[in-house]
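Each of the two complexes below includes chain A, the first together with chain B, the second together with chain C.
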Partner chain A sequence: MKLEVGYIQIRDIQTADKSSVKDGILYVNTKELEALALEDEHLKAVCFDVARPGESIRITPVKDVIEPRAKVEGPGDVFPGVITKLNTVGSGKTHVLQGAAVVTVGKIVGFQEGIVDMAGIGAEYTPFSATYNLVVDFTPKDGLTAHEYEAAIRKAGLKIAYALGKLGVNVTPDEVKTYEYPSIMEAIKKYPGLPRVGYVQMLQSQGLLHDTYVYGVDMKQSLTTMLSPTEIMDGAILSGNCVSACDKNTTYHHQNNPVIEDLFEEHGKTLNFCAMIITNENVYLADKERSSDWTAKLVDYLDLDGVIISQEGFGNPDTDLIMNCKKIEETDTHTVIITDEYAGRDGTSQSLADADPKADALVTAGNANQVITLPKLDRVIGTLDYTEKIAGGYAGSLEKDGSITVEIQAITGSTNELGFSRLSAR
Partner chain B sequence: MSKIKVVHYINQFFAGIGGEEFADHKPEIRDGAVGPGMALTGAFGDKAEIIKTVVCGDSYFNENLADAKKAIIDMVRSANPDIFIAGPAFNAGRYGVACGTICEAVKQELNIPVITGMFVENPGAEMFRDKLYIIATKDSAAGMRDAVPAVAALAIKLVNKEPVGASIEEGYLPNNTRVNFFEKERGSKRAVDMLLKKMAGKPFVTEYPMPDFDRVEPNHAVKDIKSATIAIVTSGGIVPKGNPDRIESSSASKYGEYDITGVNDLTDATYETAHGGYDPVYANADADRVLPVDVMRDFEREGIIGKLHNKFYTTVGNGTSTKSSKQFATEYAQKLKNDNVQAVILTST
Partner chain C sequence: MVKEIERAGIPVVHVCTVTPISMTVGANRIVPAIAIPHPLGNPSLTPADEKQLRRKILTTALDALSTEVDGQTIFEVK
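== the complex of A and B ==
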């Protein structure tokens, strides 16, 4: 598979009568987008707002962040099996509105959505303080179940991002990158002297607000499987989760998976990136055993020299992480795992809920229990009503002066376990 | 601003008195900087100065612990410094233990910041790394040049009460307290680099060494279940409706104790979950799914168990550190024992 990704740099988002991309500005007609969103009978109202880097804006509770993309050439289109017709994506050409993002907010489903600050210290902890965000605030119809509400918002966000992505189809990109992912036999012939490396991506699959969809399939119902990393760039993997928003992958994270990017960067130079494996993180022990057995089996079958394993979430999935690591190491394959830590507010607790001596190469995205005070910002998009209830908040989190003291686990993407950011701990 | 006042502790060797044959040298105090103190003075610039240097033989210190400690603390107290620095001791074992011991004593007695420096394999490092800041040094005095700037920089930070960064940034030995900081490279790049090293058989440093995991063996079976009092305890966050004690949805700072005398069934009108780490829909609809009061009442009625304890203990496991969990359990396990509970059913989610 060969995918050419054209990046169109977006330097601002403005509302306008006609939606378009011109000279790096994304113009949006919000009336049209509103009509698109309200096609879903579960949604009562939707309103739009723009948040730019450096503006004194707090966005919460954030559910998902999506990068506008669309296909220019090749089979299928982005978000296959969910927003567009089912087809194998990952080849041809795709255009990206880089620097723009759709951020979905609305009243909470559980306790679980996150905070994105566009300015102040909180901005340093989330990658989405650096994007131009079209924030979409949804109001559901009365009497919806939590599951119906979550699905409606998830799909509406993707629809909006796709509609924006299509505005870039006829725009000349500022930069083009080509990603080639040949068959494993071809890859081995091409780089016979380089170590064969795979990437095992663990996907959150524990239930409401903890789900991940692959070509529209709920990952908890899938066995461990393989796909091309270029398919992921075309939106084959979609986020349905933001529980403890610090270490959950938004759709944007999947679209821009940094492990894939950094493996491609070394591909053909120091290593041969020839296998992409995805596996789930279900709650039942039998599922954990089965999925990790399959992960190790595929790694062994492919005769890889080393793999990177990225986790999503913490606690319960620490078990899946350690099972994957241990079983893969037992096939004589080297592993490096990427995780984050829950070392307590004072940093003195054991960081993981499971451990094994075989997990001797670990990259950490930081201690999610670290407490931070976020200053009052001029404007709130969404609502602060849930600040003390969301994961990372506590009674007294919201001060009278509008500042918030929370654990960084409340900040969207702060300890992302794809290694998206530079935060770490020792 | 006036200069920070430092008292520096060194052994007989670094004071230029002599080697092993002079290790019985009794504590003495001198004005100004001596030996390695000169290098420290250079690193301090105009920010700090060594006002006094305490010199003590390694054998004397370790063989006359109580007397040595008392004498040295009195000397330090009389100098009234802002900070106490010992060593660095590099890989000298008795010197390292002396540096660690006297630092800990000064910290406790005089309540001022303390720093020492050692090679990671110095026995003093293992003894004191969790209690003090120990700057990591090479195994011999050849490492003085690298150690001195790190000691000086951390000393100034500690006196000025500035936030102390992660061990890797400040240069102190990892001390089982995890501190966040921003790396130069993102995590994915670090993972690729680490994997390349690991595959090539080159040395690499994990960012979190695996802890010794605390696994609990199951207890013996209850001998007479028919007359036993059984309690139910959960990390699934079941609380009376409205979460009266406001247990956090993640990273709980407390647990709840609730009376269930006369409660036969948990309903959506009376109980809910405070837990933010799983789909709450089914637990909120029927909290017995997580905390099985209904089934336990059936067992009680049918004589399968003696009785259900009239209190349950609950917290949220989600994002709660193992240290906090252990602390909660230590407390309520004692309460359960005091209430003559024979067995506990622990439910998770």
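== the complex of A and C ==
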């Protein structure tokens, strides 16, 4: 598969009578977008705001972040099987409004959504302080269940991002990157001396609103499988997650997975990136055993030399991570795992719920229990009602002066296990 | 909690879904549970079948509690 991705740099979002992309400015007619969102009979009202980098704005509770993209050429269109027709994506041409994001806000679970600060110390912990955000706050109709509300917000957010993405279809991109993902046989012939490296991406699928969708399929119902990384760039994997904000992968993370980007960067130079495997994180022990068996079987079958495994979330998925690592190592394949830590506020507790001596190469995305005080910001988009209940918050989190003391767990993307963050160690 | 109670000299059975974590943290008597969101039951069963399932888990745990072990042992629910 070959995908050409054209990046159109967005330097501001402004409301206007006519939606368009001109000279790097994304103009949006929010009335049109409102009508699009309210096509869903579950939603009562929708409210739009723009949040720019550096503005004194706190956005919470954040559900998902989506990058506006649309296909220019090639079979299918972005977010296949969910808001566009089912078709194999990942080839042809795709345009991206880079620097822009749709941020969906709503109190679905309340305590399992996140915080995005556009200024102050909190801004350094989330990548979405650096994007121009169209924030969409959804109010559900009365009596809606959490599951119906989540599904409605998820689809409305995607529809808005797709509508914005389509504005870029006829715009000349500022930069074009080509990603080629040949068949395994071709790849091995092309780079015979280079180590064959695969990527195993674990997807949150615990149910109870901790879900990820692949071509519209709830990943908990799938066995471990393979796809081209270019399909993921076209929105084949979507977040339906209401879970701790720091280490869930938003849809934006999937669209811009840095593990995939870096493997492509090294492809043909230091390694041969020839397998993309996705697996789930289910709540039955038998599922964990079966899925990790399958992961190891595929790695063995493909005769890979090395594998990178990224986790999503924490707690019992630590067991899926360790099972994947251990079983893949037992096929004589080297592994490196990417995870984050819950090592307590003082950093001295055991970081993962599970462990194994075979997990001897690990990249950490940081300690999610680290406590931070976020200063009062001038404006709040959404509500602070859930600040003390949010995962990472506690009774007393919200100070009288408007500042918030929370674990960085509450900040969207702060310890992202794809490495899509700015945390580093000295 | 399992380890601290055992340290005080009282045997403990850890009923849990993810038995590998129980092994990692060092429980001695382990009984596998159903699933993380509903460890001690299964909402997809009829109430009568679920009651039977619950009873099986409990009797397995009680049997485990009164069984001498040499090391970490998983007692499967039959």
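Going forward, the second predicted complex is superposed on the first by the 419 of 426 C-alpha atoms of A that agree within 3 Å, B and C clash if a C-alpha of one lies under 4 Å from a C-alpha of the other, contacts with A are read in each partner's own complex, and residues count from 1 in each chain.
Rule of thumb we're sticking to: contacts are C-beta pairs under 8 Å (C-beta built on N, C-alpha and C of every residue); 3 or more make two chains touch, one makes a residue touch a chain.
From a predicted model like this one, the values you see are computed outputs, not experimental measurements.
Undergrad: Quick one: on chain A, after the overlay, do chain B and chain C clash, or do they fit? Just give me the call.
TA: Here the two partners, once superposed via chain A, clash with each other.
Undergrad: Under the stated touch criterion, which partner chain does A:Ala425 make contact with: chain B (first), chain C (second), both, or neither?
TA: first
Undergrad: Go through the superposed model and pick first if A:Gln206 touches only chain B, second if only chain C, both, or neither.
TA: both
Undergrad: Tell me the contact category for A:Val283 with respect to chain B and chain C: first, second, both or neither.
TA: both
Undergrad: Between chain B (first) and chain C (second), which, if any, makes contact with A:Gly393: first, second, both or neither?
TA: A:Gly393 contacts chain B only, not chain C.
Undergrad: Could you say whether A:Met185 touches chain B, chain C, both of them, or neither, answering first, second, both or neither?
TA: After superposition on chain A, A:Met185 lies in contact with neither partner.
Undergrad: Have a look at where A:Ala353 lands relative to chain B and chain C in the superposition and call it first, second, both or neither.
TA: both
Undergrad: Between chain B and chain C, whom does A:Val243 touch in the aligned arrangement: first, second, both, or neither?
TA: The first partner, chain B, only.
Undergrad: On chain A, what residues does chain B touch that chain C touches as well?
TA: 206-208, 283, 316, 353-355
Undergrad: Inside the complex, what are the residues of chain A that reach chain C?
TA: Its residues touching chain C are 206-208, 283-285, 288, 316, 318-319, 322-323, 353-355.
Undergrad: Over in the complex, which chain C residues touch chain A? Could you list them?
TA: 17-21, 24, 32, 34-37
Undergrad: Within their complex, state which residues of chain B touch chain A.
TA: Its residues touching chain A are 166-169, 174, 176-192, 194-196, 198-200, 204, 206-208, 210-211, 213-214, 246, 248-251, 253, 274-281, 317-324, 349.
Undergrad: So in the complex, the part of chain A that touches chain B is made up of which residues?
TA: Its residues touching chain B are 110-112, 124, 145-147, 195, 197, 206-210, 243-244, 258-259, 261-263, 265-266, 270-271, 283, 305-308, 310, 314-316, 334-336, 338-339, 341-357, 359-370, 388-395, 407-409, 416-426.
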